[in-house]
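First the structure, in the form of structure tokens, and then the observations on it.
Chains: A, B, C and D, in written order; residue numbering restarts at 1 for each.
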Amino acid sequence: MVVAADMRRFVERFAELIEQNADTLTELDAAIGDADHGINMRRGVRAVLERLGDEPTPGAVLKTVATTLISKVGGASGPLYGTAFLRASAAAGSKESLDDADLAALFSAALEGLRQRGGAQAEDKTMIDAFAPAVGAFETALAQGHPRKDALQAARSAAYAGSDATIDLVARKGRASYLGERSRGHRDPGSFSTALLFDAAASTLSGDGP
Amino acid sequence: MVVAADMRRFVERFAELIEQNADTLTELDAAIGDADHGINMRRGVRAVLERLGDEPTPGAVLKTVATTLISKVGGASGPLYGTAFLRASAAAGSKESLDDADLAALFSAALEGLRQRGGAQAEDKTMIDAFAPAVGAFETALAQGHPRKDALQAARSAAYAGSDATIDLVARKGRASYLGERSRGHRDPGSFSTALLFDAAASTLSGDGP
Amino acid sequence: MKKLINTIESFVDEACEGLALAHSDLVQFHREPRYLARATAPKGRKVGLVSGGGSGHEPLHGGFVGSGMLDAACPGEVFTSPVPDQMEAAGRAVSNGGGVLFIVKNYTGDVMNFDLAAELLRADGIDVRTVLVADDVAVQNSTWTAGRRGVGNTVFVEKLAGAVAERGASADEVERVAKKTSEAGRSMGMALTSCTVPAKGSPTFELGELEIEIGVGIHGEPGRERTALVSADEIVDRLARPVMEDLGLKRGDQVIVMTNGMGSTPLIELYVAHRHVAQLLSGSGVTIVRSLVGNYITSLDMDGCSLTVLRADDELLGLWDAPVHTPALRWGA
Amino acid sequence: MKKLINTIESFVDEACEGLALAHSDLVQFHREPRYLARATAPKGRKVGLVSGGGSGHEPLHGGFVGSGMLDAACPGEVFTSPVPDQMEAAGRAVSNGGGVLFIVKNYTGDVMNFDLAAELLRADGIDVRTVLVADDVAVQNSTWTAGRRGVGNTVFVEKLAGAVAERGASADEVERVAKKTSEAGRSMGMALTSCTVPAKGSPTFELGELEIEIGVGIHGEPGRERTALVSADEIVDRLARPVMEDLGLKRGDQVIVMTNGMGSTPLIELYVAHRHVAQLLSGSGVTIVRSLVGNYITSLDMDGCSLTVLRADDELLGLWDAPVHTPALRWGA
């Protein structure tokens, strides 16, 4: 079961991965965007760590993350990740602990929020291309009876693979879309931060403690 | 004797030396001025070559040079060289040919014009520091009975030596004076173009033909 | 990275403070959430004009706050769209019963953040309209992409919508003028050098000693093509032709033109560029009725220029000539 | 060298053409000899104001031709003072029986070329006065040198002398105001990078990645010291303290301030600098009554800034607020 403390560890791990990869994210954005994705995400997770208090439930933790990202990140990624976390928080409701099905519902609500906010489809070369496969892989693994830990690993791998696959795509949403064909050959920065998100989830939400 | 054709050759040789040394003059000016002395002088001598026609007398040649420099060079060097040539032209008057004494008078009138126009004294680190020694050396050599050719060589050497000596001076006139002590250690660009002027004179005004 | 900067974190706030100090009669600075608003609120039920976007494009938008133009501007971090809190607070501050118009450059981030703010304001019963500026012809348009980037025409939209709002026009009317202006303008830019985002500390892109980027975005986004350094006239040709074509300019058309510097371009060079802009347009029988030459929408320290052409009928021209009094644009006042 | 330029030879002429095309209502361009004059001659026996100097400092001087400021400007080659023919022709064109005032930045070349022109005009019976601007405190003053360089205060002298001339004041009166302004202003500048003169094609001086030049001249002349890159606030300290000291500013003094960009400095950075300028002055009990922040006297593509402070009594402040309508400075019109 995932409790508030697990969710906090997840957020902290995500923040850590963003710190470690901020320059990479910015470099990726420099190639096909405006060179700020790592800076944006880092500003966001730092603010999250500052604001995170003793939220009682996983949903409350996610809510703090959501509102902080919305009011601190800006850019495209702020409202997108903000909306994803907000929907995840709503899906988690006020439950004290989340089981596998809750987690699946939470992921899929987050994905749905991303889609609605950004209007992007698969293969538009956005964070959707990492997020959707990750959510799919998680659900499939659970459906096949794998333990949550393995399902999270599957989600993590699918997210990285999805991010890898953005390299060959031509962007149709976000700043990179202005490049048309010239966006091909570069990884989408948001897909990579999404992979980091599922990476953080895999190492913190397996439900077997820290 | 110096006739109009000699004076034209002098001007052409001066123009040639300026062309060859334009970058050097500009580099010198970059160090303690505004990096345009070579550019200014080149613009001036090119305009002179375009305008020079079939002036009948040495004085007329000098007059064309003077008015062209004044209306084409700008900067400090335009009015300074312009005034020098104008005074030289006045000293030459309408004579068809100039003897040693005429030449000495012409040089000294030019120097006087420079002094009046710019108000600079010896050791102010200006073209005066090449011009005055050159004129002095010319007069001394003639007084000692040396032939004009040798006197011109003496003027040439004195001009280059005078220019060398500006390196150790602190500028008190012109743009370089704004640097105070920091102007020391650099050659004054105008003193070097003046040395080129006497260099050109030495090889063209000796009165023994081209 | 060499800049006049104290810390990366305080950069935008300090610039806003400096602006408000230099123009305290016109603009005041609200720190949390960050926005710049007119020092003196206009009287009556005037439609409130709010714009904003990433910082680094100065004088856009803060330099256009004042009578006859914006009521408030929301500066984001450098090249990062502002957050909804800012537009919400600014919108609330300038809403006077007459409604609020958001002028938004068409970037995904800006659009989403302004949308979130509009949702919040509407929930409180405030009438919020949004006009998108999407004038960069460097980007090939297509319905299934994010559309064109918003660049120089933003200045024109802010001026003309600002003028009609100042006259006390209704929200419908202000929205109409803003949309009409947005549709009547096209732009294209180019870079001689990259810009350097302070937080990144190194140039966004690399250009060779003799390379230029044609169609560059105002955040250093790559453009249509990277090509060899050519003369000012050739550069202007490559900007002006797509702009004129896309706008479908014909003989007899009247235009307002902006030859804009990207931030590090000396004015003397902008005038050299503008000369050929004027030659090209006149050569095509187009009449330039008004011109702006200078830095109006910049990209930090990028060297380069952009061209914006607005087809102006008598209505737009009249609004252009209406008094404006802001830090960066002023006449008739 | 990357510039918006066609040929080195045509550079200045083309920029003048561009200026005149962009502001044909204000300025007309005379090619041979080169000067920019008002498009519409002022009425009556107004004193004609003529300034000029090397090009590369735009908008100075051409951008200040118009009502309430200059009658004509004589642009030399880049960083090279104009030739006497130009000032003679411009002086003749604007002399209307009321006399002519030459506003000359204190550089040997400028002084001598303007002097020659004045001699020629006086020979024709025209009353020519000259005011020298010599405000750069980076240069230690001394009676036996060429004196201080003329920099930012030129903008103030042109504005205030222009305002009083526009009111129809006599040559004596215009000269008095010009001299008074010239004496009441001080400046100092700094460079983050060198400028590149087109004809030379490479930077005038070399600065290391983390070096700056304090007290630089507007032609890239070396300044007081070369030092390590420091914060914007420290840079402003090093400019403002010598300026304030030299001006002998005391509590209660009123000043007009200009935080000026050297050509390639982004406006956002100038505002960061201006913030501290304002803080320092207010902190000393000095009241800033008016401010200019932007590019007013530049050095081609140099990155850096300069500060000009003018002690302004009520007379000068009133003249400052008088209407001005030029390409680069406009209010009340």
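Here, contacts are C-beta pairs under 8 Å (C-beta built on N, C-alpha and C of every residue); 3 or more make two chains touch, one makes a residue touch a chain.
All figures in this text were calculated on a predicted structure; none of them were measured in a lab.
Within the contact network of the assembly, the step distance from subunit B to subunit C comes to 2. With contact taken as defined at the outset, there is no chain that touches subunit C as well as subunit D. In terms of the distance between Cα centroids, subunit A is separated most widely from B.
Between subunit A and subunit B, the centres computed from C-alpha atoms are 76 Å apart. Centre-to-centre, using mean CA coordinates, subunit A is 55 Å away from subunit D. Taking each chain's centre as the mean of its C-alpha atoms, subunit B lies 32 Å from subunit D.
The touch graph of the protein chains shown is a line.
Under the contact rule stated at the top, the pairs of chains that touch are A-C, B-D, C-D.
Taken in their complex, subunit B has these residues touching subunit D: 26, 30, 32-36, 39-40, 43, 70-80, 117-118, 171-175, 177-180, 182. For subunit D in complex with subunit C, the residues that touch the partner chain are 2-7, 11-12, 14-19, 21-23, 55-56, 58-59, 63, 192-193, 209-210, 212, 229, 231-233, 235, 259, 263-275, 278, 288, 291-293, 295, 298, 300-301, 303, 305, 327, 330-333.
Within the complex, the subunit D residues that touch subunit B are 33, 54, 76-85, 107-109, 112-113, 115-116, 136, 138-140, 144-146, 148-149, 197, 199-200, 204-205, 217, 219-222.
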